[in-house]
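Have a look at the structure below, then the notes.
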């Protein structure tokens, strides 16, 4: 019997999702799958992620995972986004295996965010 | 659920079987059936049952039934023995139906006692 | 109520705390007469008396003879014994069975098991308010129908079925009628002398009795194949040492219910009214279940664009249920709400508030603000779909 | 002990009173954490923790993982689930089953039911002392044998079977081995990590835990067909709301047993010795069961020329059992004693004294004089057969 389905990290992130919101004018990615919806937005300056924001529709693990992603990558370089894997978040949040699919929606959204950032950089370069 | 299998009469007769014993020199009847054994003995004077005694091997209802018989017929006439039926004792002792067969052993023993008394009277008349 | 310092409990349809008279009686029995009632000695007979008294008390609640009551471990067992027992016992006569899609798992899964064993089951759908029209039953009855099982009060929505009419339809065709009364017994008046019901399941812990004990009412010795075999207890229908103290507790819970059902219902009606009033202006709120009528201890609501699991967490420390209370940890959307025509997403947002005898007006106000806050929070979190 | 003013209780093999720590823990749980452990809210999780703790406590008693424990309503259900469940699950592999003639009704009647359903059962006879020689089992095992069920301690005679040897014989042939441990768990050391046992049944009320709860140890997820269907509780093997307080009580009873079995056995050995010594000079006295060894909480004796039912009444207010305690009201001579070679009449005179933790030396003296008096009285009543 799995007594508490949410560990302390999930509870903290769910209670206070500090990165909830949209970063105006930044790169935006949206993904919907398995009944989950995630939107990520980022402000990038000189190859560095200055700010990350998220919105999410889903279970507490999905919401906490999005918040965890934002906390992890704010301040890091865009290049580092390549390294993003859900495995660490799955571990930190003790996500039950049957929810793996849902957390992978976050991976898809992050990939899509990377592409959006790349797009903007390319576009800006073309400006 | 039949809570107490023994009513107050059964308990009283089983606890104090006043007629337990053998009446020396009287008419005697013994019957064995269904794993029950009953012996009745009687002292008869002038067609009247002066004394009755019993011994019994069996469940509490059988023992109490034998005692009940003795109490009922002591002091009555031999002729009245003809009237003996277990039905009244079955009722007085609230004997469960599944024990009917056992109580009928008493009926058989009483019949045999009547015969024994008759025998003795005939024999005595012939003396 | 117990534990109230840590949380506010509003899941009385899942289980209820012990009534204090029930707890007291159980303690008395444990200290004096908790032996084997099948034993032929003084201690056993004292225990047998306790069991008989409980049967009398339950008999009064349901208006049936104490002899028609079988003790079980709960409604799950009662349902299994009634349904498997009747179906197997009558299998040679015919293999058609009827039940509803909105039944509890402890009925649905039994019929599923019977389907695998060669029985044919008709799964009736209710109207969107949860009610089963008697005509749907009548038109489904066949010559080879052996058993109909319909629940009295639905555990998720509180809808109350018309047991009198449904039972009458069964009687006309000489079909056995089983009712899962787990949510009704001790909570609304149930007169089994007046209702055409052959088998009626109940469980003590839904009406302030102990967990681990239930009963099955069996009319006129309706023959059933036992689920279990063993000692001669309970006419071989359900062997095992009787849990005398639990049975005594069930009896007292029944006795308390007999005198308090009317007051309970009046109070719950008021509380449910206030709860609904306090949240009904929330945009997109849907009431799952009957708009009017229904059991006042249950209010099931959904809202658009909110995930039920997150809603539950956001409402802590309020204890309510999503989906079926009996298995709230499964993430599947409630099959009951799906059968009422809700989409998966709507069903997934459903929250069941269930109120009980200890529920206070303050609990209701707390629930209202907690629900409003949680919906607001989750909606704020949710992304719009991109245009 | 409870109720001692009215009677002297010496029927601990039938059922035991609650240990005071057990009662206390149950009360605490009832007042704080007696909700539905399957519910995903604070109250539910508090209850789930209680259940896990109990599983840990029972796991320690039996030296098994808490995950291998299924909660049931008692040993009758555990036996039924194990035997019906394993036989039905493995029916396609073969239909031969083995058990003993001296099993409890909750095993015998299950195998009888399986015989009616097309299984073939070999009914092994013990030696006159009640022991089953392992060779008898080995020579009965066949290629199509699926399940062997042998009880650990016999409830009527106290004989202890050699579970290690019997289990090893089963393992060699890859046959499932079920043990009815209702009279052993909590009463003698049982190390299921060391014993080659697949399924082990127990019930709390035989070792000072509550009635209405038991357990089935299931090794390595041995597949079983469930007896009942319903919610997803307990991996679908046994649905129904868990009786959290009863389970907690079972846990504490297990914890108490873990520390007190050695003392219990030492004390019982002394008391049983004195009891036997006090009656063994009665003419025609037979000890039913092993002359030496065996569980010291049980002494079963018969005498010639005395009816068991009358003996029981003559000994009131001493509470002892005739025949099988689980169904003492039936008048049939014990099939267990018949299997040990006793005649009907001998079996019918059998009395089982069963001693427990609360039994005192004074109780034993009372039992001795009560038995002597009753035998004397009934022998005086019995007629000689005419010459």
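A, B, C and D label the chains in the order they appear, each numbered from 1.
Going forward, a residue touches a chain if its C-beta (ideal position, glycine included) is under 8 Å from a C-beta of that chain, and two chains touch if they have at least 3 such contacts.
It should be emphasised that the depicted structure is a prediction, and the values quoted were computed from it without experimental measurement.
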| item | value |
| --- | --- |
| Contact-richer chain pair [A-D vs B-D] | B-D |
| Intercentroid distance (Cα basis), subunit B paired with subunit A, Å | 96 |
| Between subunit A and subunit D, centroid-to-centroid distance (C-alpha), Å | 58 |
| Centre-of-Cα separation between subunit C and subunit A, whole angstrom | 42 |
| Of all residues in subunit B, the ones touching two or more other chains | 5 |
| Set of subunit C residues in contact with two or more other chains | 40, 309, 329 |
| Pairs of chains satisfying the touch condition | A-C, A-D, B-C, B-D, C-D |
| Of subunit B, residues touching subunit C in the complex | 1, 3-5 |
| Residues of subunit D that touch subunit C when the two form their complex | 2-3, 6-7, 9, 11, 14-15, 17-18, 23, 27, 30-36, 38-44, 46, 73-77, 79-80, 104-106, 109-110, 112-113, 203, 205, 210-213, 227-233, 239-246, 309, 312, 316-322, 324-330 |
| Subunit A - residues contacting subunit C, complex | 2, 5-6, 11, 14, 17, 20, 28, 30, 32, 35, 37-39, 55-60, 63, 98 |
| Subunit D residues touching subunit A - in the complex, by the definition given at the top | 37, 40, 45, 48-49, 51-52 |
| Residues of subunit D that touch subunit B when the two form their complex | 305, 307, 309-310, 313-314, 329, 331, 344-345, 348, 378, 380-383, 385-386 |
